[in-house]
Amino acid sequence: MVGYSFMGAAHSQGWRTAGRVFDLPRTPYMAALCGRDSVAVRQAASRLGWAATETDWRKLITRDDVSLVDICTPGNSHAEIAIAALEAGKHVLCEKPLANTVEEAEAMVAAAEAARARGQLAMVGFNYRRVPALALARQMVAEGRIGTLRHLRVTYLQDWLVDPEFPLAWRLRKEAAGSGALGDLGAHIVDLGQHLAGELLAGVSAQIATFVTERPLPEDPTARGAVTVDDAAVFTGRFASGALASFEASRMAAGRKNSLRIELNGDRGSLAFDLERLNELQFHDQTEPAAHSGFRRILVTEEQHPYLSAWWPPGHGLGYEHTFVHQASDLVRAIAEERQPQPSFADGLQVQRVLAAVEESAHSDCVYTPLVHEPTQSSQSTEPTAAAG
Amino acid sequence: MVGYSFMGAAHSQGWRTAGRVFDLPRTPYMAALCGRDSVAVRQAASRLGWAATETDWRKLITRDDVSLVDICTPGNSHAEIAIAALEAGKHVLCEKPLANTVEEAEAMVAAAEAARARGQLAMVGFNYRRVPALALARQMVAEGRIGTLRHLRVTYLQDWLVDPEFPLAWRLRKEAAGSGALGDLGAHIVDLGQHLAGELLAGVSAQIATFVTERPLPEDPTARGAVTVDDAAVFTGRFASGALASFEASRMAAGRKNSLRIELNGDRGSLAFDLERLNELQFHDQTEPAAHSGFRRILVTEEQHPYLSAWWPPGHGLGYEHTFVHQASDLVRAIAEERQPQPSFADGLQVQRVLAAVEESAHSDCVYTPLVHEPTQSSQSTEPTAAAG
Amino acid sequence: MVGYSFMGAAHSQGWRTAGRVFDLPRTPYMAALCGRDSVAVRQAASRLGWAATETDWRKLITRDDVSLVDICTPGNSHAEIAIAALEAGKHVLCEKPLANTVEEAEAMVAAAEAARARGQLAMVGFNYRRVPALALARQMVAEGRIGTLRHLRVTYLQDWLVDPEFPLAWRLRKEAAGSGALGDLGAHIVDLGQHLAGELLAGVSAQIATFVTERPLPEDPTARGAVTVDDAAVFTGRFASGALASFEASRMAAGRKNSLRIELNGDRGSLAFDLERLNELQFHDQTEPAAHSGFRRILVTEEQHPYLSAWWPPGHGLGYEHTFVHQASDLVRAIAEERQPQPSFADGLQVQRVLAAVEESAHSDCVYTPLVHEPTQSSQSTEPTAAAG
Amino acid sequence: MVGYSFMGAAHSQGWRTAGRVFDLPRTPYMAALCGRDSVAVRQAASRLGWAATETDWRKLITRDDVSLVDICTPGNSHAEIAIAALEAGKHVLCEKPLANTVEEAEAMVAAAEAARARGQLAMVGFNYRRVPALALARQMVAEGRIGTLRHLRVTYLQDWLVDPEFPLAWRLRKEAAGSGALGDLGAHIVDLGQHLAGELLAGVSAQIATFVTERPLPEDPTARGAVTVDDAAVFTGRFASGALASFEASRMAAGRKNSLRIELNGDRGSLAFDLERLNELQFHDQTEPAAHSGFRRILVTEEQHPYLSAWWPPGHGLGYEHTFVHQASDLVRAIAEERQPQPSFADGLQVQRVLAAVEESAHSDCVYTPLVHEPTQSSQSTEPTAAAG
């Protein structure tokens, strides 16, 4: 694994736990952790449970005891590491967003396709697909429980930038982060929205805003520097089927800590979800008699639910990092079965293209910006492993 | 009053009850009800409590025992009746939307301004401003409790058109209704959003859709006719202050019966409301210590809350039609005090202009469509009477 | 009507509105209001819409234009007025609790039975049975939707006595009020619990408490007097069927304004309700597949729901005082059809006996105190009028 | 560790993870797992991450590489193993309930006190104290945020016995399980209720019931055997301070999966919690102005909250098994610091006494059954380690 901060810790928890909970065809071995600071990386490896350390990712990807490289670094290094790792004959798991630009993402997809011919597999880490309630929602959509989609609305709201004295971290500088709330939160909701809908966006119209344009420098709090990424993005979209979509990503929504809310309305029913209550899925069945119908709160903790048979009895809820356990488990199985894991790099590229269209529309008076989809491998299918224990 | 269906019944409940609950300077007398069918209007008058009937609104507006004309007819007759009533020296209450076109609405504003010089007052019936929880929200915004606005998001979702066999009622024909969900539901949320924000939209970008394009004819269910209005509208907006707004109005959101949800995020706090739980207001105070803060559910039934001192003890909630009691009460007071009641016809016109811009943008590839505001009477002030018992 | 404070105002709203909303076989005429203070009663009559006034209830009950006497006075005068009114040949509606003692209630039942033979009808005002969501709950229990009852739990929590400086009002003196939270709130939940369960309690075990034992005198806030009623009562019960019940009534539950919560668990499903969200009923169907089941929130505003066809479109909620409109409407119909209205005085007496057993148990170390039920008229049937428009 | 089913898996997750997340003074080493079936225990050890196995707990407790024995067996073996392990010089963690009888629990407390003099520490596993929201609730009560307690109400509802065809598992036989819902769920809520209140119950009055008295035998589903434990228990209690308490434990509450709900009402505020939404704590501050007050939902995921600084960013919720990570972490620290960990065996004994009094009352017509508390070590103090990262 490369990188060991927030995402690195979460992925480590996933690798460490997957084989303890799920019956896996292969047992993950946490071979080596890589980071530039040799002291810090050794401390992190000891804490997180990695057997060895490296300070140069180029050495990591050539180790004989490494068959899979998990990339948890900032987005601007994803392409280089992933392409090199694939070329070195390793499987790759890459954190989202796949890259900071469409061009990088395209190169990564090309590398992944070439690698696949050699037996190497690549996956992008949109972990929220593996929240059991959202995996269940995907199943229910696929089964026709909501019928023909009319509306999708998704918001992903946080509030850690409300305070204007929050410093100008690297995430607020375009050269490092690519974009702001859009790339960080927007990438999640574009992927999730399309995944749950089971179809891709045909075009978008967008507005973006930066509300606090200068912030204290981390290195010198008495000085201020320019914020060069967005604080928030609001956009609408249209699916090829004609369904309407609305999206909002913000780091400035006071009181909303991690509020990824998604709702789908179809002509046979509706589904609703809030990440702040991640063990619950709301479902309305429009085919029931009006007198007794209403949104029901499914507590997604039954053994019939995706991933749940491996965990605890009904009502004993899971948390955020379980998504990384599920991700690790699903990836190990896909590798053992020589199947393409979902979501693929191509899925990650498609999300990147939507984000690029959002920025283009926002800089062009919100004009509707169509998306062209290449006829690639369909990746919107539900994975067969989702419900296995 | 002209008209006696859904809105007529609701307004009658308002007129009948206002003086029984609030201490009013004048006692409303329900002089006459007007409708074209003489038998039906007599039955309605008897049921709803009106002393006399008319079958021609031109006669109604000249009656000596009528000092106020309440217009509850479809939108395409608003302008003619309202202008004539004002010219006949009557005060006027006109249901929303003010008119079906900007031109009609402009003529109505001109008539209202002329009438005002003669002492006649005109008001448009955006009744949701008088839900106590929303009146409280307006107070709190005005007091600075949420600080500088960053985000407004409002949805108004219903589901009565999900069934494709629902007939082609007049509300689904452009010539009668003007527009669909946009004019009916969108008018409410544009007014409310701006009213709560305390500022006007600078421009919008929009998509509209008609999902079911043909429906059975009411007069002959074996035949089908074209739906000529929208089923849903999704639009984003921007305030002059830079705050972002998103709006969605739909009659196709399965399971959402009357779900007008509104949320405002500012740099000092947030407010959230759902019309399906109209006695509650959610408030987050961003200035509190993080360890103990969170959205609180204010049960808006205390005597300190707007309108509540006239009603029941704490926790004994109000319903939908109470908004019409409050509207009647506020209007009677404004007339007695010779004050301009809120919202004015000018407010109604401004909403109409936003709706027109939404349609224009939707027909122009979602391009951002700016709004020009004339320097008229400010009408975004909170009314002094809101909290009185 | 006798009495014109909180309950008098609520009942007046009911009488004034019932015929305006429901198709009634007879039109209520609000003949006369009675109160001891002639000036105050005249003001109240004018405000609330009564045609005449009386200062002596003995004169009221002999008026020729009065056929029904509605008693809204404190509990210690109910028996005398109700018995005299029935003997004077009037129908009677009496607010709950039926009386302050079992003995008075027994005398009232005897008078009601004698009067019924002469064609006069008597009803006690447990208005919460007529919240549409609770009427729906009763229907669903009767239809077997929850199967065999296992658990009933009901709490009725308010907080207006949390402040120790709240004065020693008459409601806190035993000689006037009979009891405290028990008679006021407990009467409601005992009636509702048994009504929804469709069976009567076989016995109870109880604790009661007075947390603030002295309060300022209203007439002299510098002096204090003893609180002689309970602040709270907690009791368990058992139905003849073996189902377990728990009850709690309190005026000392900080933050709970009017929180009447009720839940029934059966072997086929469960129902849950909260008066602070009175337009909603929660229902869980245990017979559904586990993967998709959960408590659903039925928004009880559809025309198929009890009382709703007379009101507004779906999602346009009702409020507290609508229960009094429904009560007036149901009573007028029962009188016109010469049927016994529900709940009867016998139902009121049975509730009184439960409350007496609660006090007896609380004063006897919580010992289980059985209830003996006389073989009287069954009153647990659902009224046929409940769903009519 | 002895035992490796549900609780064994949960404790293993705790031991495996604690040192990966928290900075601990000592690193847990998972030395050996013990179970009677040598094949099964070896499989479990491999899966759960234990280095060795034993088939006789008497051998386990004498191993040199074992310094702490974690007991996850059924309740009837707790006393024997715990006492022997303490006498063998090991620290002990024992799952709840401490024992099946008061006598066994008393012997365990005596053994723990003797062991403590030698430096061995003993703890009982009431893991819910370590849900961050409940640890925060305890802090807030201790800080006086709710003032003087008036009411405690706790329910713990499950529904896995609603189906009458659920087999007669060992948990439904008194000889093995001691009691039913009372010992399993009731133990948790008695401990939690007293822990949060910060005081002990003075007495209880109780009803218990077994609704389904015969069930299919696991070994022969065509035959039926008698259920010899309770399905549900409902009881009320009183604290020495005069505060009232109500408790309900049931395995027959259709639709309630793991619904441990707790509410405390004091004269300065209230707290409410539901285990099905374990990242949330509801708080009402009675000292705030009525116009803006209400129950607030604190999302207990901020770094200021107990245990949270070691986990994820705000809004990224935890799950059920995190309580075992916290339990392991707190115990390791207590051992390193030679402090008595909380809750102690004496706390477990006191809970056992309450459960015994509940059964006694239920068998004696619900009569109030007082509890005598011995002057032992206070164990209601908040642990200093709760908030550490």
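Which chain is which? They are A, B, C and D, in the order written, and residues in each are numbered from 1.
Everything below uses one rule, namely that a residue touches a chain if its C-beta (ideal position, glycine included) is under 8 Å from a C-beta of that chain, and two chains touch if they have at least 3 such contacts.
Since we're looking at a predicted model, the values are computed, not measured.
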Among A-D, B-D or B-C, the pair repeating the A-C interface (over half the contact pairs identical) is B-D
Dist(centroid_CA(chain B), centroid_CA(chain D)) in Å evaluates to 54
Between chain B and chain C, the Cα-mean centres are separated in Å by 36
When centres are defined as mean Cα positions, the distance from chain A to chain B in whole Å is 41
Within chain D, the set of residues that touch 2 or more other chains is 256, 293-295, 299
Among line, ring, star, complete and other, the chain contact graph is complete
Listed in rising order, chain A residues that touch chain B in their complex are 146, 150-151, 153, 155, 157, 159, 162, 164, 205-207, 209, 211, 231-232, 234-236, 238, 242, 244-246, 248, 250, 252-256, 265-270, 284, 286, 293-295, 361, 365-368
As the complex stands, chain C meets chain B at residues 6, 10, 12-13, 16-17, 19-21, 47-49, 158, 160, 256-259, 275-279, 299, 301, 312-322
Counting only contacts in the complex, chain D reaches chain B at residues 136, 140, 283, 289-299, 302, 304-305
